[in-house]
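Next up, some structures in structure tokens.
Here chain A shows up in two complexes: once beside chain B, once beside chain C.
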Partner chain A sequence: MNTGQKIVIDPVTRVEGHGRITVHLDENHHVEEARLHIVEFRGFEKFVHGRPYWEVPVLVQRLCGICPVSHHLAGAKAIDEIVGISPGSDHTLTPTAEKMRRLMHYGQVFQSHVLHFFYLCSPDLLFGIDGEVESRNIVGVAMAEPELAKKAILMRKFGQEIIRATAGKKVHGISAVPGGIHKTLSAEERDYFLNGKEIPAIDTMIDWALEGLDFFKSFHRDNREWLDGYAAVPSSHMGMVRKDGALDLYHGDLKVVDAEGTLLQTFDYHDYLNELGEETKSWSYMKFPYLRSLGRQDGWYRVGPLPRLNVCEFLPSPLAQKEFEAFRAYTGGRANNMSMHYHWARLIEVVHAAEVIRDLLADPDLQKDNLIARGTAAGEGIGVVEAPRGTLFHHYKVDDAGRINFCNLIVSTTNNNTAMNRAVAAAAEDLMEGVPEVTEAMTNGVEVVLRAYDPCLSCATHAVGQMPLRIELYDAGGTLRDVRVR
Partner chain B sequence: MADEVTFFIDGRPCTAAAGDNLVEAAADNGVYIPTLCHYKGHKPLGTCRVCMVRVDGREAAACTFGVRDGMRVDVDAPELADARKALIELLFVERNHFCPACEKSGRCDLQAVAYHMHLTVPRFPYRYVPFTVENFAGKLLIDHNRCILCGRCEEFVRRGDSKVFAMKQRSSEARITVDLALLAEMSANEIAHAVHVCPVGAILAPGQGFDTPIGRRKYDTHRIGEITDGRD
Partner chain C sequence: MPGVRSAMSGSGEAGAKRILVCTIGNPGRGDDGLGWAFADALEAQCGDTLDIERCYQLAPEDAERFARREHLVLVDATVAADVETFRRRMIVPDDANTAAISSHRLDPVAAVTLAARLYGRAPRTELIEIRGYRFELDIGLSEAAAVNLDLALAAAADLAGGETAAMSRDDAPIVES
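Take a look at the complex of A and B:
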């Protein structure tokens, strides 16, 4: 009789969305296979059909409550092309419109990264993956490190306030319209972020962002072996870069490097269908994208903060650039494949986003009133941005009546599907290989590496639902032996 | 000028010119009676029935009554408020009203009235009948998902004496349609007027949605019951 086991973590906690992890152990308690199952389904790509094209940026952002700005702007960029506006063409956004959108976007990255690291992940670092369950949450952080928690909350608020000022409200704003933006940033709204009277000023945000980075670096110094080695997987990396090689989260080409950091390809995102394929598997609603040039087996890649810092040549803001240089020096200039270093890269991006926000707030273009541009209408549009969690693709076609009749989305987390599965398998091998019983600390350990990717599973499947995690342990005969549920 | 008369709303004496529309007379006396089909200064339609009150002991649509001396009107009675709310809920479940992605959000009378009534979840099941978005010659769209069949467009959007909009079919199959010959003659301002007349987001001008920032939309600055001259 086969006496192997299957461990199921359902739902996964402290990530956005609803997922399940299964770990199959053989009769000798060796890890045979580990999978991340995305069990929610939503269908945005279908029900957007028939809607007027100008509704898209507002409708599709409802995919997510954490990073709606990313969908709002990727959708808006795609719809811009339907009204004849495209970066690099004769008809582009006005400077005010592009800068307002950039301010919104970097505010979103700032708040989302802060939410992820301090609210969702810092409990694992502060208390350890085997710390008390009751403490491993933001309340536990507030009790143990009140000053850190207070700053984290105020930093997130700052980012949310930037979104409110640019999009109209903190979640699901409506300001990006086809060919531009429908509001400016008034002098009063700008000063709110500069004078420090009602909320801490942007300069304080930069200081606190550096403190957050120092917190991670200090932890890294004390836990180097674990952070460097835990669930590390070599992979290709993809991210958006400006023409001069700088990191750009709003617009640019897509660059891919291999696990060593060698350039594989750079391409215009309009060619994404030629460069990327998507594979489906029966056990997950989330697709598995791959680079066509490398094939289904070897073409998987990662996106998000870690790959972005692996593909760009520099960060166009001084304090973040200094931190970027230290980050790249740590791996001798080669690509960094250490999964837990997503946190490091993410916190460098927090500094960068704060610096970009500071520079944009000082730009007088934000008070000008040339907001909307028009070009020659087209029947198709593709918009891509670097969302907090990675590269986000929106692609639409419209009929003669201006109604959407085609929609394809590749959401950030989807790009990381294979990588997350491999990281989960690596973590399972680290923690569960040969153990007779699964402990809570072990299941949390598997979640820890998943969290490093900051997955948004609702977005990835365009799906609905809460985001708990369940781990099931099955024997080799398929009999359920143990379950741990949150 | 008609004689001024005294009438009573929930027992409180009010004054108006004899024959004044009851919804408008109530508003002039600081009492908000919800309505969707009524268009200030125009003849009453009485189609939505949301302005249901009790006039001298009988339930009636307020917009169809003119004020009389000594008239006694009940507005605030709980059973009347519940009946009005039920009518709004029926409109929400009959077709597909998704406020989050609607360009009329923030200036939609149906949404504003629902907020006014603290409507959260309808007591009736949604019908989920699929409706289409119809494009008329690239000049105007009708999203039948959002149409409440109030008839305002039919009555109050005209070129000369001719109606631009008309109702076709009946009951749950009823649809608003457009006279394409008249539509072809309509200016951008006339189309904007048609969009304005529609109390919901059913009549749309192509590509012009979401043009007003949050905070500056009609019902961002005032709740619907606070706009006493807002029966437009």
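Take a look at the complex of A and C:
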């Protein structure tokens, strides 16, 4: 008689959106299979059909309340091409428009990374994966490390204020329009971020970003074995780089390296359909992208902060560059495949984003009024940015009346689908292999590695409502054996 | 242990009014728009005497702002079965409540708890919960929810004068760590 078990973690907590993890144990309590299921259907690619192209940048950001700026800008970049504006062509964005968009984007990355690390993940580091459930949240952090929590809250506020000043609203902004931007940064708005009177100044943000990074590095020194080894999986890595190899989150080519760091390919993102395939599986609404050059079996890859630092050659800001050099030296210059090091890379990007914001705030182009460029209309546009969670693709075609008749989106989290499934399986094997009873700490441990990827399941599919954690244990016959709810 | 101060004036923010009314919800999801509808009505009646805000949900950053206020009124839709039409009550920091926090969303008690624990003080806070019934994608309130909104507004007439009935009550504390 088979007495195997199926463990369900539904929904997963402290991630953006709604997902479910199942772990199948055989009769000897060995992990047979672990999967991340995305169980909600969204269908945004169909919603936009028939809408006029100029609605896209505002419409598609409704995909998500967490990273709307990323969808706003990827959509805007694609629609730029439909109105004949394309980087590297004779018709490009005006300097003011591109810099305003970049400021918005780096503000988004700054606040998103801060939220993710300090609000969602730091409780696992501060209290341990087996810490009291009641403490594993931002209030718990506030109790244990009040100065850290205060700084994290003000850092997120700073990033959101950058978004408000550039996009018009903190959530679901409206400023990026086909061919440009409809808002500049006034001198008064600029000074708000520089003088430190109403909110801490950008220089303070840089200092605090470095402190946050030191917090992680200190934890790493004390917990090296766990952070390095937990759910580590070798993979290919993809991210955006400038022509000179620098990290660029707004525009560039896509570069892919293998698990050792060897270059596999660099391609113009307009060729993404030739370079990337998408596989579907019956148990998830989220697709499984892969590199066509390596095939479905071996072509999976990772995106996000860790891969970005694995593919770029340098960071074009001095303080972050220094940290990047230490990060790369840790693996002897080879690719870093340690899943928990996503946090390390993310916090280096926080420093980098703050430095970029500082430089942009000092740029007088942001107060100029040449906002819109025009070119020759085209029937198709592709826009790609590096969203906080990774590479984000928007692709549209329009009919003769300018109505959308094709839309394809590959969101950051979707790129990481196979990787997250592999990481969940690795964590389940680490924690549950041969164990007769699954504890709350074990299920949280599985979630910990998923959180490292900062998945946005609402982008990938859908997210509505409360997110309590429900764990159900079934025997092989489908009989409910145990239930845990938190 | 938190201390209690029974009476204060001033807002702690330059130019701010005495009471901040922060309404929570999403008018694109039917009766979840009750909070914002409350704000619309209140603004029409007495927008000059109150600071009125609308948000989709409370976040930790709100605790930082709330800690600088003296009087806070939070308004939200509820599906609580024990709320027949609406409920208005004082809320205070409660450390035992924090387990309910998920992601970056805070419930009202968690928000004032975070303010108290992190910034040393929480405002005197009232929570107005209005019963809603239909929360699917839709704009506009259900008829039953609209009736409950009117009842809640009628019972909040004190706000129109820039006061809350609870302001002078001894059991309406400002909490200071």
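The criterion applied here is as follows: the second predicted complex is superposed on the first by the 465 of 486 C-alpha atoms of A that agree within 3 Å, B and C clash if a C-alpha of one lies under 4 Å from a C-alpha of the other, contacts with A are read in each partner's own complex, and residues count from 1 in each chain.
Everything that follows uses one rule, which is that a residue touches a chain if its C-beta (ideal position, glycine included) is under 8 Å from a C-beta of that chain, and two chains touch if they have at least 3 such contacts.
Keep in mind it's a predicted model, so treat the numbers as computed, not measured.
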Partner chain in contact with A:229 - chain B first, chain C second, else both or neither: neither
Partner chain(s) touched by A:177 [first = chain B, second = chain C, both, neither]: first
Which superposed partner A:401 touches (first chain B, second chain C, both, neither): first
Chain B versus chain C as contact partner of A:51, first or second or both or neither: first
Dominant toucher of chain A (residue count), chain B or chain C: C
First, second, both or neither for A:59, with chain B first and chain C second: first
Partner chain in contact with A:168 - chain B first, chain C second, else both or neither: first
Which of chain B and chain C A:83 touches, first, second, both or neither: first
Chain B versus chain C as contact partner of A:295, first or second or both or neither: neither
Sites on chain A touched by chain B in the complex: 50-55, 58-59, 62, 83, 167-169, 172-175, 177-178, 182-183, 401-403
Interfacial residue positions of chain C with respect to chain A in the complex: 56, 60-61, 63-64, 95-96, 98-99, 101-104, 110, 113-114, 117-119
Complex contacts: residues of chain B adjacent to chain A: 100-101, 103, 132-133, 135, 138, 141, 143, 204, 206-215
Complex contacts: residues of chain A adjacent to chain C: 13-16, 65, 115, 119-120, 133-135, 137-140, 142-143, 146, 149-150, 153-154, 156-157, 160, 171, 466-468, 486
